[in-house]
Each structure stands twice: as C-alpha cells, then as structure tokens.
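Look for subunit A in each of the two complexes below; its partner is subunit B in the first and subunit C in the second.
Showing the complex of A and B:
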C-alpha cells in the first residue's frame, strides 16, 4: 500500500478502524465486554457526549464553539429534576429543554448583538450558569423521589428500550439523523458552513450572519439539555456542583477527534459520533480492568493528541486526488 | 554625478507577470528623487527589493559603491537603506522611544536603559524639528506623527537612503507641508530620499529628479525643473490602447441608479452621478480616493451619512447587503480571498450561496439540488467556468475561474445594477476578455454596471462614461470622447477637473 493510499483510507475510515480494533480487542481480552449489559453501559455514556457533540459540531462548523455547555447541562438537569418531584414528566423535560435552548439563545445574542468575542461570552456564561444552578439548588443534591409511575416513566429516557435498543442510543441516532438533514439538505446548514468558512464573504453574499449564529448557539444549548435529560434519568438525581463539570471540554474534544476542523466551514458529523463512541469504549475497557478513574483522563488526552497529530500528518503528506489538476 | 544608488537591469518575475523588466537608473546622493507610475508599474516591487522584502531575479543593485543582494529587511536596514511603507512597522503599545530602538535597545545590566533611549530619541526628533515626547505611546499619535517616528527610526539606523512609499496619502495639507520641511532638512544633512507618490503636484514641489516606470519598465528620468506635469503624465500613460470592444452607448435608456450628494466621513464628499440601464460607468481614482467606499455604501456595507440613492425612480435605503440584493444590486468585491470565496466549500456551494434559500422549497428547508446544479451548469456555460466536478473545492480553481464564480454568484440573484470592483485584477488575459464580453452582454440586456478599476485601459475601453475621484470628491465626469488616459490621470491626481460647474 502506497503512502497516498494509506492516507486516503485513513481519512475516510481511520476512526472506525480504531473503534473496530478496540471492540475486537476488548472482546477477546475480557469476557465481560461483549455482553448486553456492558454494551448498554458504554452506549449510554457515548450518547450523552455525542448528542451535545452534534450541537457543538454545528457551532464549530460555524467558526465558533461554546464553553458553557457543561453548566447548561447542569442547570437543565437541576430544573428538570426539581420540577419532576412535583410536576409531570412532560413538564420536566419541557423545562429542561427550554432552559438549554434559552441560554444558548442568550449566548448567541450576546455574541452577535453585544459583539462580545465567543470565547469570553461563553466563558462568562459558563460561570454564570453554574452559579445559577448552585443558587437554585442551594448547593444540595436533588434526588428524584416521587410517584413510582412518574419515576418509571422518567427512567425510560436513560434506561429504557425501544425494539430492544437502549433509548439513549435511539435518541442519539435520531439527533444525528436530524442534524445530518439540517447540515446537508437545508439552506440553513449551507449557511452555517458559509459563516464558518468566511464570515466576511457570508456578509457580502447577503446572509443574515447574526441570525445564523444565534440559531446555532440556541441549538447547542438545546442538545446540551437533551444530554442532561438522559443523564439525569440514568442517575435519578443531580448534583449542581459536579454535574457536567468539564463536559464542555469533553464535548469539544470529541468533535475535534471526529475530524471537524476548528477553522470552521466543514462538519464531520458522524466523526463526532464515532469520537464519542471511541472515548466511551476506551473508558469502558479501563473500567473492566478496574483501573482507577484517573487513568481515564490520561487515556482521553492521549487519544485526542494521537488523532489530531494523525490529521496533521495527513495534511502534510496527502493531497486529495484531482485537487491540483485544475491549477495547471 | 555622485550616485548613492545604481540599479542595473533589475528584473523580478512573478508567476505570469514581469513586475520589473530590466530596470536601470541612478539616484544621486543628497537629492530627493521621485518614482512615479500607474498602479502596476512596478514601484512597489522595486522598493520591496530595495527594502529586502523581495530579492531580484537578476540585475545588480549598487549602493554606496558596493554591490548589494539583500536577503532580508534587516540586511537592507543595516547597510543604510530605510523604507517607510504605507503601513507603518510600529508597535502601537510601546512608546515613541521604544519603537525607535526596538530590537537593539541599549542595556544597563539586564534592563533597558530607558533614560538613554529617551535622550537619544529626543536628540533625533530635535534634529527633525519635530515636537514629540519620546515617552508618548504610539497608538495615541496621528498618522503624520507616526510617520515622523518612522523617519526618526530610519535616522537612528544612520540611513543614507530613505524610501517613502506614498507618504502623503493619509496626510492633510498642513501635515504634508511639515513632512516636506523634514524632507528638506534631511536633504540638507546629505540624506537621499526616494519619494514614491501618485500626486504629481507634490512630486514637483519636492523633487530634484523624477523617474517614470510603466508596466515594469524604466521609461525616463527627468530633471524636475526641466519637465512639466503634462509630460510626466504622458510618460506614465504613453501606451497604445487597444480597445477590446467598440460599444455604442445609448442615451435614450432610462436612469437606473441615481446618487445625489452622498457623504461618508472623509471618504465620500457630495458624490452625485447617474447610471442608465445598459450603461457601463467607470470609476477611476487612486488608492484612498474613496472609490471603494462608494461601492460599499451602494451595497449597504457602510452607512450613508448624508445624501440619497434613487433606484429605478424610487428612493431607497440600503442598510445591509441583504437589502441591496433584494433591491437588485449585485456586487463583486476586489478582495477575492478576504470577502469573496468560501474556502473549503465546493464550487457549487460557492456559486449558489446567495440564492440557495430562494431557489429551494419551503423557504430553504428542502433544498432543490436539481435547480442548484442547473444554475451552476448554466453559468458555467455562459462564463466558461472551468472546474472538475461541482463538489470540487473552490480553493483549487485558478484566480480567473474563482472570479467568474463570484461574478456568477452576483448574477444569480438577478441584479439590475452590478457593482464590480477591480473585476480583472490578478487574472490572466483569457479570463479578462471573457469577463469583458460578459459585461457587454449584460449591458445589452439592460443591466447598469458600475465598474471601479485602477486599470486605465480597462476603464477607457469598457466604460460608456467615467467619473474620477480624488480625496473623496468627484473631479471629473468624462464622456467617451473625453476619456483619454491623460485626462483621467490628470483628474485622478487632482491636477484638473472635467465637467464640474464651479
């Protein structure tokens, strides 16, 4: 295999090949890996990160990113959990999603209308929203103890099955299906890529760049709150201080791992899903060997470095076919 | 004659263009020597070679009797040449003194000897008779003051040749006068000045000798006292103009766009003109004359401060490019990379970006890919855009083909007024001719075209009529007969006006 061929295959299937090697390897090494219970464990973990990752993919494609998703995750979880104690499941989920989308909308407005740089705006929002979550719960845990029927219904989102598939997995696939359509089959998706590729050119082409950015951030908030509902349902409780801590970096890392360029303009949507699954498998493998959780941080960082450096090497050694022909 | 600088057959070739073609001339010691020529004559390339930014492909540079081959800006500076570019090389957050001595600060132990740099800077500034506190932070200075800091920096290097690139472009009349005093003082000390400018009045006011470049070639060096502005203009222009297409303008057509008393800051002052359906209006002027701002105001990128725009008989307010496009105004920018193409996106997506919502069902929720591809195919045919596949990234197209895609993007919105900024800059001759014939075709269909261009032969051969701008004002309304290069250049450098009632 020539170097060109290698990089060509790597570009398209690299992440999936590594996942495959991981799955086969772990199945051979550990008798507990290839079981239904364990599959459910890691797919649940992957789904939470992947769903927020879908939103983040959109943000990074538009040339931005959102540091507040961890805090939004926490606040949406707190509101959802608190409301479920007295209210219905529908009310709880509705409020969670509105909180997420609302804060995202606010992020978008601050960035576009007040002209605050994305980094600062979402960083500030990260601490503001975390503070709000702590104030709202007075720093205490919320344990969802309510009617058994309501508890069972809420548990469905994190632990139920649809056609014997785990619900978080179904939700993940649905979210990605919707995002796929939005990115590839709507004018909005096209415009998001345009803003990320060259914001000035987007303005000159008559796109309403502000409105596009606001929508993108609202969507990011929405996906973070969907992820929050799934995890709250799994834990049946939430701690306002630790919930979603470091989640924003995990989500951004998974998007980058998936191959979406931080320069914007190009989305690798399914790369994000693959990235989330890869990280979940790695963590799962470490768990099966009872490795302390500290090692998960280490391995996560190494995977990220490896993936991004492979990408850098690819760009150095490989040019897509036909790209140069027109220049000559 | 004692020459400080001798150029012998200096040649520099960029892909596809001979920027300098065997240029030879001498600069006498202690003189103010001006370098003039149209845009693209090779002035910038020449001073970049002298400043060590570029290296010549062949030819000799002899400075102070030593043959030089500058490999870096630093080398050139050390040997005694200082170039003051239009964009200053100053660090805005540092003081005047720190800027003058940046990179070679005298030390006292591990620390910068602030007292020494302040005192030394003060001495230099005093020599220049400039009243400036060396401790002032550069950011707070005016353009003219920053220029003085650059000159002081040049003197601190003991520069024997100071090259100034369009030094008066951003100065007021008074500031220009002050600059000239400083130049005369420098000359009295034996420093040689190479003065690059478009403004002939200033050139004549300050120079001992004038060298004219045209199309990368040396044309003549004249003694300032023995020549006239008219002769220099003739030398700058003096080429045979082959008109690409003979067109007859039809004045019976109705007025499409009418601009009255437009103002924007200092860049646009009382701009008024009309463009008729099917007419190509050329806009000529030097860099910084306001022609770019004019285009941006008409496309809603800049707000209007005063004045009105009447489109098709109806007063309109254009506050965003979206609004402009809705009203039927198309725009192709001169900065293809900066605000034109979407790098990394496909040719197809680049072309249809502005119309994709319009041509798709349910206001953009359901893309009509068939219609999209048809649009590409139709424009690719009309403009002869050459690409491999619709999915090919636009980055890999040639400049000319990228330009055609941008033109197609503007046309796809069905514009009635088309604003083109430097439509053929940096593209090859074949693509140029195709763009010209497309412009004529559009004009025949009744589109009003405003063409802003620095390329005089282009303005003259393509335009039905032409306006010239100078310092934000219109200095000439020229009809086809009045449109000679001499006339346009004279108006553009503020030497005369045509068609203006005073």
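Showing the complex of A and C:
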C-alpha cells in the first residue's frame, strides 16, 4: 500500500477504524463493556453530544461557531423541567425547543444585524443565557417530581426503546438523516456551504447571507435544546449552574474531531457522529476502570490532538495534485 | 452631520475603550461615594491584574492571527505548581519555575501549531483539556496553599497602589517594547495582516509563531502567579473559563479577531474596565446571576457599537490602523 493510498483510506475511514479498535480492545479487556446496559450508557452519552454536534457542524460549515450552546442547553433544560412539573410532556418539550431555537435566532440577529463578531456575540450570549437560567431557577436544582404517568412518558426520550433500540440513538440517527438530506440535497444546504467557503462570493451571487446565517444559528439552538431534552429525561432533573458547563467547547471539539474544517465550506456530518461516539467510548472505558473524572479531560484532549495531528501530517505528506499553492 | 459622525467614529476607534472606562468610572463615582474611596480604587487595580497580565500574551497571539484557548488551563497549572513549590524553592524561585513551565507549555502549543500544522484554535482547544488534566493530576484535586511571608506580602499595597498592579505595569512596558520597538513585533503584525505575504517576504513565520505562543504561555504563567497571590492559594479548577474572558478583553480593547491590527493599550483599558464593572456591581449589590447578564450585555453593546460604526461608515473611514501603517506614512511624509 503506497502512502497515497494509506492517506486516502485514512481520510475516509480513519475515525471508524479507531472506533473499531477501541470497541474490540475494550470488549477483550473488560467483560462489562460488551453488555446491553453499557451499550445504552455510552450511546446515550454520545447521542447528547452528537445531536448538538450536528447543529454545530452546520454552523462551522457556514464559517462561524456557537459558544452559547452549553448555556442554551442549560436554559432549555430548566424551562422544560420546570414546566413538566405542572404541565404536560408535550408542553415541556415544545417550550424547551422554542427556547433553544429562540436564543439561536437571537444569536443570528445579533451577528448579522448588529455586526458583532460571531465569537464575541455567542460568548456574550453564553454568559447572559447562563445568568438567565440561574435567575429562572434561583440557583437551585430542579428535580422532576410529577404524576407517574407523565414521568414515565418523559423518561421515554432518554431511556425508552423503539424496536429494542435506545430512543436517544434513534433520535440521533433521525437528526443526522435530516441533516444529511438538508446539507446534500437542498438549496439551503448548498447555500450554507457557499457562505462558509466564500461569504463575499455568496453575497455577489445574490444569496441572502444574513437570512442564511440567522437560520443556521436558530438550528444550532434547536439541536442544543433537543440534546437538553434527552439529558434531562435521563437525569429527571437539572442544575442550572453546572448543566452544560463547558459543553460548547466539547461540542466544537467533537465536530473538529470528525474532520469538519474550521475554515468553513465543508461539512463532515457523519464524522461528527463518529467523533461523539469515539469520545463516549473512551470515557466509558475510563469509567469501567473507575478512574477519576479528570483523566477523561486528559484523554479527550489527547484524542483531539492525535486525530487532528494525523490530519496535519496528511496535509504535509499527501497533497492532492494542484493543491500545492494552498500548503503554506 | 456626517462629518461630525465620522470624526466621532475616528476618535471612538482610537480611544473608545478609554472613553467608556472614563464615563463608567465617573458615573459610578458620582452615584456611590464608596466607589471613589482610595481603598476601593486599589482594590479594582488589584482585581484586574490576573486577566490584565494574561491578556498581554493573548494580544500578541490575536494580532498574529492566532488564538490561545489553553491560557486558562496554563494559568491554573502554573499557579498550582508555583504555590506548591514555594516551600521548596522560596517564593521567587517558585515564580521563576512557574514562568519557565508557562513558557514551555506555550512552546508545546507553538510546536503543535507549527510542526504538526494544526490550526491554533484546535491545537489549544486540545491542550486546554490536557493542561487542565495535568493540574488535576498534579494536585490530586486538592487545593494547594502557602502562608509564606514573601508570597502573601505581594498582595499588599505600595502606597495605595497594589504591588501586583505595579508588576502588571512593568509587564505592559515589556509588552509595548516587544510589540512596537522590535522587529519581532513588526513580524507579529505582518503575519497577522497577511500570512502569505509575510512568508514570501522572508519572515520566518514558524519561528515567530512559536515565540508568540511561548510568550502567551509566559504571560499566562505570570497571570496565574498573580491570581495565586490574590487568593493565597491555587486549585486545579482555578481560572476555568478565563480563556474566553481574556479573549473578550483583548477584543473589547480593539484588537481584531482577524489579526493584523490591535493595541496593547486597548487591552489594558479593557482589563481595567472589566474590573471596574465587576467592582461596581458588587458595590451596588447586584446579584451574581444578574452580574453575568450585565457583563454579557455590556460586551454586546460595546461591540455592536463598533459593528454598527463599521457598517455605516464603511466607505467614509479608513481601515483600522496598525502602527506599521503609521510608520510607513511618517516615512513618506519625510
């Protein structure tokens, strides 16, 4: 196998190969890994990150990113949990999703209409929304204690099964299917890529760049709130101060791990899903051996660095013909 | 009318952060007599030091078109190491060790960026977790403290001015010298404004980038030490989330995230502004939850003013000036 072939295969399947090695290795090492309960554990964890990651993939493809997802996650969870105590499941989920999409919309408006740089706009919204969540709950935990029927119905989203598949996994796959179609088979998807690869050119070719960006950020907020619903349903409670803290960087890291370029214009949607699953497997493996939580940070950072190092080395040693000028 | 607006825009561009600082400080001082007491002012000056010092290195990084997201973790790790070594090396030895460590951590960031060719954002996003984990592993998640007399005395005042603030001033002087008076500083601007042109004109971009990251780590370690002096202790989760606050301060100070333009004075003003706002909110007993909202709101207002100014004066105003350009014009005039 020549080096060219190796890098080509790596580009397409690298992450999946690592996941495969991880799964096989952990199954051999620990008898507790390859069990149905454990599968459910890590797929649930992966689904939360991956679903928010799908939205973030779209944002990064459009050339921006959203630092407020962690706080949006917390606020959507708080509203959902609070409303579930007195209201119905449908109301709770509806409000969660509206809160998420609404804040995303606000992000988009601030970025496009007030011309605040994306980084700063979403950073400011991160602290504002976190503050709002803390004020809304007065800094206390919300534990969902309500009618047993309602509790059971809400638990379905984080712990139920459809055709013996965990619901979070089904939700993850459906979200990614929708995103796949949107990105590859709709005008909107092409426009997002166009804005990401060259905003000026997109403006000149008559796209309404502002509107596209606003839609993208609304979608990011929406996916963050879907992730929040799943998480809340698993925990049956939420803490406004710690829920989703640091989630934004984790989600961005997973998207990057999946191979989406931060320069924008190119999405690697299923890479994001693979990245989330890989991180979940690594964390799960560490949990099985009862390592302290901070070793997860170490492994997470190292996985990210190693994965993108391979990418960096690929660019150094293997460049498709005609691309040499972009190497510097 | 348009002319007045343009003129105002120009002034705002150069000194906006100081105007904001002066207006806010004047308003707070007028409303609350406690705010203008000497004690409180020295308190503000003390509060701004950790972020203020760490932001120097970040200004270099952002001007060169890079980022250092690992700065908060660097601060935590170096602060933990510094405090834990005071018993062994004495305070000055421990600080020196912390600075060396910070320099090395920055160097590692730089090597990852230049040798493995990972974009700065991603590379430092990875080391953010790695360095933080090192801090946890090093301290085993227990706070480290010291009651060393020299260590605690650095939190004192020197005639109303906190000694740490004087250290910060010296750091800024060193930063000014490096950024505006050396070829290195000019290379930083050159790389930030056009990387390719910098490479083609013979600048060793990789080496300059490496040094920029090392510098960010060094000032990060200095900021970490300042934080430890303020708190008399350090913990593995110290300074978490500081990376974003520091970047916000640099941007609020007028440095463009696109690279190539920015000022250290602006960063200085923004760091003091943050401290003033926090202090005032404490003074007016704003609940800590509302403080988050206020801080985000101020950030949004300040930058949307800037964004709107750009939007409406795009044609009337020159692009943001860098000292490079200033220098070029002056040479032409001669």
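Throughout what follows, the second predicted complex is superposed on the first by the 319 of 328 C-alpha atoms of A that agree within 3 Å, B and C clash if a C-alpha of one lies under 4 Å from a C-alpha of the other, contacts with A are read in each partner's own complex, and residues count from 1 in each chain.
One rule holds in what follows: a contact is a pair of C-beta atoms (placed from the backbone, for glycine too) under 8 Å apart; a residue touches a chain by one contact, two chains touch by 3 or more.
Every value quoted in this text rests on a predicted model; they were computed, and no experiment measured them.
Undergrad: Once chain A of both complexes is superposed, is A:215 in touch with subunit B (first), subunit C (second), both, or neither?
TA: A:215 contacts neither subunit B nor subunit C.
Undergrad: Kindly classify A:266 by the partners it touches after superposition: subunit B alone (first), subunit C alone (second), both, or neither?
TA: Only subunit B is touched by A:266; subunit C is not.
Undergrad: If we overlay the two complexes on their shared chain A, which of subunit B and subunit C does A:205 touch? Say first, second, both or neither.
TA: A:205 contacts subunit B only, not subunit C.
Undergrad: Who wins on subunit A residues touched, subunit B or subunit C?
TA: In the superposed model, C touches more residues of subunit A.
Undergrad: According to the stated criteria, A:132 is in contact with first (subunit B), second (subunit C), both, or neither; which is it?
TA: In the superposition, A:132 touches subunit C alone.
Undergrad: Which partner chains sit in contact with A:193 here, subunit B, subunit C, both or neither? Use first/second/both/neither.
TA: first
Undergrad: Mind sorting out which residues of subunit A both subunit B and subunit C touch, each in its own complex?
TA: On subunit A, no residue contacts both subunit B in one structure and subunit C in the other.
Undergrad: Help me check something: in the complex, which residues belonging to subunit C touch subunit A?
TA: Contact set of subunit C toward subunit A: 69, 112, 116-119, 121-123, 125-134, 136-137, 141, 195-196, 199, 236, 240, 244, 247-248, 251, 257, 287, 289-293, 295-297, 299-300, 303-304, 306-308, 310-311.
Undergrad: Could you please specify the touching residues of subunit A with respect to subunit B in the complex?
TA: Going by the criterion above, the answer is residues 185-188, 190-191, 193-194, 197-198, 200-208, 261, 263, 265-266, 322-327.
Undergrad: Looking at the complex, which residues from subunit B come into contact with subunit A?
TA: Going through subunit B, the ones touching subunit A are 299, 301, 320-322, 324-325, 331, 333, 338-345, 349, 353-354, 356-357, 360, 363-367, 386-389, 392-393, 396-398, 401, 409, 413.
Undergrad: Please output the residues of subunit A touching subunit C within their complex, sorted ascending.
TA: 67, 110, 114-117, 119-121, 123-128, 130-132, 134-135, 139, 246, 249, 252-253, 256, 262, 292, 294-295, 297-298, 300-302, 304-305, 308-309, 311-313, 315-316, 328
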